[in-house]
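The following pair of complexes shares a single chain, subunit A, combined with subunit B in the former and subunit C in the latter.
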Partner chain A sequence: MNSATVKRFIAVALAPSLILYSLFVFVPVIWSAYYSLFNWSGIGQAAFIGLQNYKELLSDSIFWHSLGNNVIFVLASVLGQVPLALLLAIILYKSNALQRFLRAAVFMPMVLSTVVIGLIWNYVYHPQIGILNFLLDALNLSALKMEWLSDPDIAIFSLIPPLIWSFVGLYLIIFISALQNIPGELDDAAKIDGAKGFTKLFKITLPMIWGTIQVALILCIAGSLKSFDLVYIMTRGGPAHATELLATYMYNATFSTFRYGYGSTISTAIVIISLLLIGTSQWLTSRRK
Partner chain B sequence: MFKAAKLGLVGILIVVLLAACGSNSSSDGSTNQSTEKITLTIWNNWSGQDAKAVAMRKILEDFQSENPNITLEIEALATDGLKTRLRTAAAADEMPDLFVMWPGAMTKEFVQGDLLQPINEFLDQNAEWKNNFIENALVDFTVEDNIYSVPMNLAPSSLLYYNEDLFKQYNVKVPTTWDELLQAVDTFNANNIIPIALGNKANWVAQSTTFSTIGDRVTGTEWFLKAVDQNGASFTDPEFIEALKLYQELGEAKAYQEGFNSIDENQMLQLYTQGKAAMVINGGWAVAGLVNTASEEILNATNITILPTVDGGKGAAKTTAGVVGTGLGVNKKLSGAKKDAAMKLFYALAGPDGQKATLESSTLISYNLELDPSKANPLFIKLTELMKETKIVPVYDSKLSSAAVEAINNGLQELLLGGDPEDIAKRIQAAQAGAVN
Partner chain C sequence: MSKLALHSPYSMKKTYSIRRIVSTIGWIFITIYGILTIYPLFWLILSSFKSNAQFFSEPFALPNQWMFDNFITAWTTSKMGVAFRNSTLVSIITLLFTLLLSGLTSYVLARFNFKLKGLTMLFFVVGMLIPIHSTLVPLFILMKQLSILNSYWALILPYTAFALPTAIFILTAYLSTIPKEIEEAAYIDGTSLWGVFFRIMLPISLPALSTVSILTFLHSWNDFSFALVFISKSTLKTLPLAVSNFADGFQTDYSLTLAAMTLSVIPTIIVFLLFQEQVMKGMTAGAVKG
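Then we have the complex of A and B:
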């Protein structure tokens, strides 16, 4: 096969998914950017108002607060999920019975629907019958008891453990498969050269799976930027917008206050912010190579 | 061996999938066979286990079996979900044939969007039915002399349910004034009983069940309607701020249990039905749920009254916030035989028989019908007696724009957490002004 036919084959093979992707991702993104220039309640006439929505967005304190919460979520995932998953993967990547059991246990929340996870953690944090407060009582730590989800100062942080817990399994699996792909010869070579423990980890293991870590970081950032379901189930963005994320705020603006135009403005802002963040993270990690 | 088992599994999956597809196509085929058949879509919020939802589902089932030529495609969603779904369908101009619709703001918007058809003619053909609705029942379904629906229930949204046993045990007077309410709160708190259960996670609860009435007590209805129209009154007026402060006072007195912003309406009722809370403030609709879920003991001890009066307030005393209940919207696009079928179903659900079934499911109606005391639950009899001497004033979320509703709902969460009443009032005012102008 010459290179032209190879190229054509690649084009034909990619076409179906590319068409689907543009139809269901690109087109809506562009439509939503278009709607963001209107004042529209969803019913009746939409009025063109230019960049008015964007002006409002920039001075909207709830929007900035939601963005701040999203940043907390991104940091918590990047600094919580990825290192934790990596650590677990390094401990659990061989396959004896205990390790298999632990792997399954860590992966388990991934199979649960977010609704279930949200409900479980709601009961953990429940103000009257919550397990967490009972546990603190039992440990004589009653002073640490809090209104986990209804105190606006701590509610957003209470959402982080369920967030990490629910996704760590995914990264664990990704890292384990990456670790298992490191050729055995490298191990032998390291042994001969006398590299052990941390030296081996930092000089061989991590560089070998750096590409995977990069992918995991991007998945992690993109995932936590669009997180919605967990917050919607657990707090609905409340109390008083304390746990509002960009996505929940967008949903509320569109479907609770019926400002489709403003909701579209928020979604367009989400797209821009995600591209910026992912671009930055790729730039940062690629320099390490 | 394993391989065979796997193959078997895959085979089963394929068969199941094919069967699922197959049943779809066969049902399509049957509708094509005869042109006489009519398919009606109806969206509703009768998805729960409360007596009202059960009664409505029964009517739909009976209608289906009595009219084999009409196929009902029923979609039952939770209330919040239905409201969102309707808006989305309205934006796409894909409304179902019939749908549960709220009076006031929503009806008006759908009419402006040219999505509904009036039912004046149908009402006039059934004059006896039309004239039997209570006074003003059709007002919130009327836009410019056209009537678009009739209420299928009556929803006072703000009633005080209290546990008489607990009041007797701690020697507390059932509050009729604001001071008595604060006193009751103190006494119950001192005895480790939750004074008032609240579940405000879906943030409409505090607004709809409590603050609408307190607001009316302080400001009076006239002021509120002016502020809604942004004509001669504004939400930054001192009387409204006073109402917010009064409500904040209740929060500061620890009237509600810990974490009230993180539990929902069902869990709120649970605190009451478990006997952990002495009072709960909820709409008349709660009776249909209580009679189905509360224990005999709690049910017998439960009594209902209106919220206490406020000294120096401008509002009338014997009132509760509320709204005539939901009706059915009729899709603009219906005509001919399909419209006839839809109106037949409309009459089955909202006509005299439907109203009777609703009343018998412990739900108040906006239709003149005597309650048969031998059939009704004692708690529901108490509710109907109470409503005979109580007038309904508008609940905030039936009149305000959706943006202002969202602002006040979030504002009240903040208020109860110690927010500044004046800031909150400013935000509500800005939202309503933005929507009206």
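Then we have the complex of A and C:
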């Protein structure tokens, strides 16, 4: 088989994937940046306005509030999902039946549609018929009952449990794989040296899976920046932008108020912020080997 | 759990009982956590059998009457049949495209060496970091200009595109573990590259292909954001979109909404229960440095 045939095959084999992928994943990001320089209602002509959208963005209080909400989500994910998943993984990484059942139970939300997850939790939080308030009544803690999703001050925090519930299973399985990959000899060496329990955890186990923890952090950050679905279903970003995220704000700006240019600006901002956060997290957790 | 260790009888007894306490607490915690975590789903399914009245008054009780009718009504009034059909169609076609495209790409990346190989791999990996919502607006505009908005392609194409990186990642990793001798014999026999691809590489990658299949199918089936933005015709709505609309319109008919929700999650739960290992492995692929 001559090299010309091989080259042609490679080109033909790669072409569809590359074209589809660039067209639907990369090009849009670049286009977004391009449209962000325009004022456009979606129909008719787009007016070039340079960086004006960005100027507006920087003084837009809803933008900053949304960013703050995103940061809250990122922190909640990183400080909530990851340690919880790690803890669960340490308990659940062996392979007996109960452990496998529990793993599957924790993972199950990952296969559910975000729509269903959002709706289930809407019911949990419903002020009149929700099981949370019902439970509080039953435990005589009625004083703690709140308008979980309609109180602007706590709404964003109410959204955190569903978020964690949805994704902790992912990190659980990631950490379990990592733990199972730790060579058995290390375990035995640790025993011989007398390292047990917490010492073993901090001095041996964690360092061994540090690489995985870093990757989990990236996924966590990237993922929580993607939490459009949940917020859209549960609160639409309300009440009055209290739970607005960058992604929901972008959606509203574009499709509800027909400001495609401004929506693109928010889009581009999301990409930039995303990359910054990921870069920072990697830098902060890198170890000098 | 406690293996033979070089301990004196005293310390062994002490560590044994402390370990037991900690371990038991750990197990109680984890079992409670397991039950709590599965409760919302359990509650959903149970509640969907209740009448509206009972749902209001006794959220925690078992259904007084098992109202199977809820499901039939939910199916007919929300036209779930149509939504199911749309979701199935879109997911299956996305799946086929993804398998074919990622299969070809992974074959090339795993088996051949060429100048831009590293760059190509990087290209696909970097894409995984792009927040998909940043592509919603430009893709909407692109599809409007291509006149494919409100068509199955409006979903199939982006779904496939976004499924490619993970698929390629999984398949390339798998193919790299297969010894090259397998194709070598075929090459010597004069089989064409395409022949080798279809008759040898694809069948041999079946395990990886099935992981990719489950993953791609689940993501297409459950996607909401793309469907929300790209589809507005009610005859083309996929399941998540249909369920979300349903919940909006029938504010007070809870049993119907719950029934609709249950119907929509049954397929995914069944797939998950049947293919647990593969689903979990697939979704976490690429995250573990093995």
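What to note about this one:
Everything below uses one rule, namely that the second predicted complex is superposed on the first by the 263 of 289 C-alpha atoms of A that agree within 3 Å, B and C clash if a C-alpha of one lies under 4 Å from a C-alpha of the other, contacts with A are read in each partner's own complex, and residues count from 1 in each chain.
Simple rule for what comes next: a contact is a pair of C-beta atoms (placed from the backbone, for glycine too) under 8 Å apart; a residue touches a chain by one contact, two chains touch by 3 or more.
Everything numeric here is computed off the predicted structure, so don't read it as measured data.
When the two structures are aligned on the shared chain, A:R236 is found in touch with subunit B, with no touch to subunit C. When the two structures are aligned on the shared chain, A:I43 is found in touch with subunit B, with no touch to subunit C.
When the two complexes are overlaid, the chain among subunit B and subunit C that reaches more residues of subunit A is C.
In the overlay built on the shared chain, the residue A:S77 is in contact with neither subunit B nor subunit C.
Once the two complexes are overlaid on the shared chain, A:P127 sits against subunit B while remaining clear of subunit C. By the document's definition of touching, both partners, subunit B and subunit C, reach A:F255. Legend: residue contacts after superposition of the two complexes on their common chain; A:S281 is shown touching neither subunit B nor subunit C. Looking at the shared chain after the overlay, A:E147 reaches subunit B, while subunit C stays out of its contact range. The residues of subunit A shared by its contacts with subunit B and with subunit C are 122, 255, 260. Across the interface of their complex, subunit A is touched by residues 84, 87-88, 90-91, 109-110, 112-115, 200-203, 257-263, 271, 276, 402-403, 405-406, 410-411, 413-414, 417, 419 of subunit B. Listed in rising order, the residues of subunit C touching subunit A in the complex are 3, 5-6, 15, 19, 22, 26-27, 29-31, 33-35, 37-38, 40-41, 43-44, 55-56, 59-60, 101-102, 104-105, 107-108, 112, 114, 120, 123-124, 127, 129-142, 157-158, 160-162, 164-165, 168, 187, 193-194, 197, 218, 221-222, 224-225, 228-229, 239-241, 243-244, 247, 254, 257-258, 261, 264-265, 268-269, 271-273, 276, 279-281, 283-284, 287-290. The part of subunit A that touches subunit C in the complex is made up of residues 1, 5-7, 9-10, 13-14, 16-18, 20-21, 23-29, 31-32, 35, 88, 91-92, 98, 100-116, 119-124, 129, 131, 134, 165, 170, 173-174, 177-178, 181, 191-192, 196-197, 211-212, 215-216, 218-219, 222, 225-226, 228-229, 232-233, 247, 250-251, 254-255, 260, 263-264, 267-268, 270-271, 274-275, 278. Those residues of subunit A that touch subunit B in the shared complex are 41-44, 122, 125-128, 147-152, 155, 235-236, 238-241, 252, 255-260.
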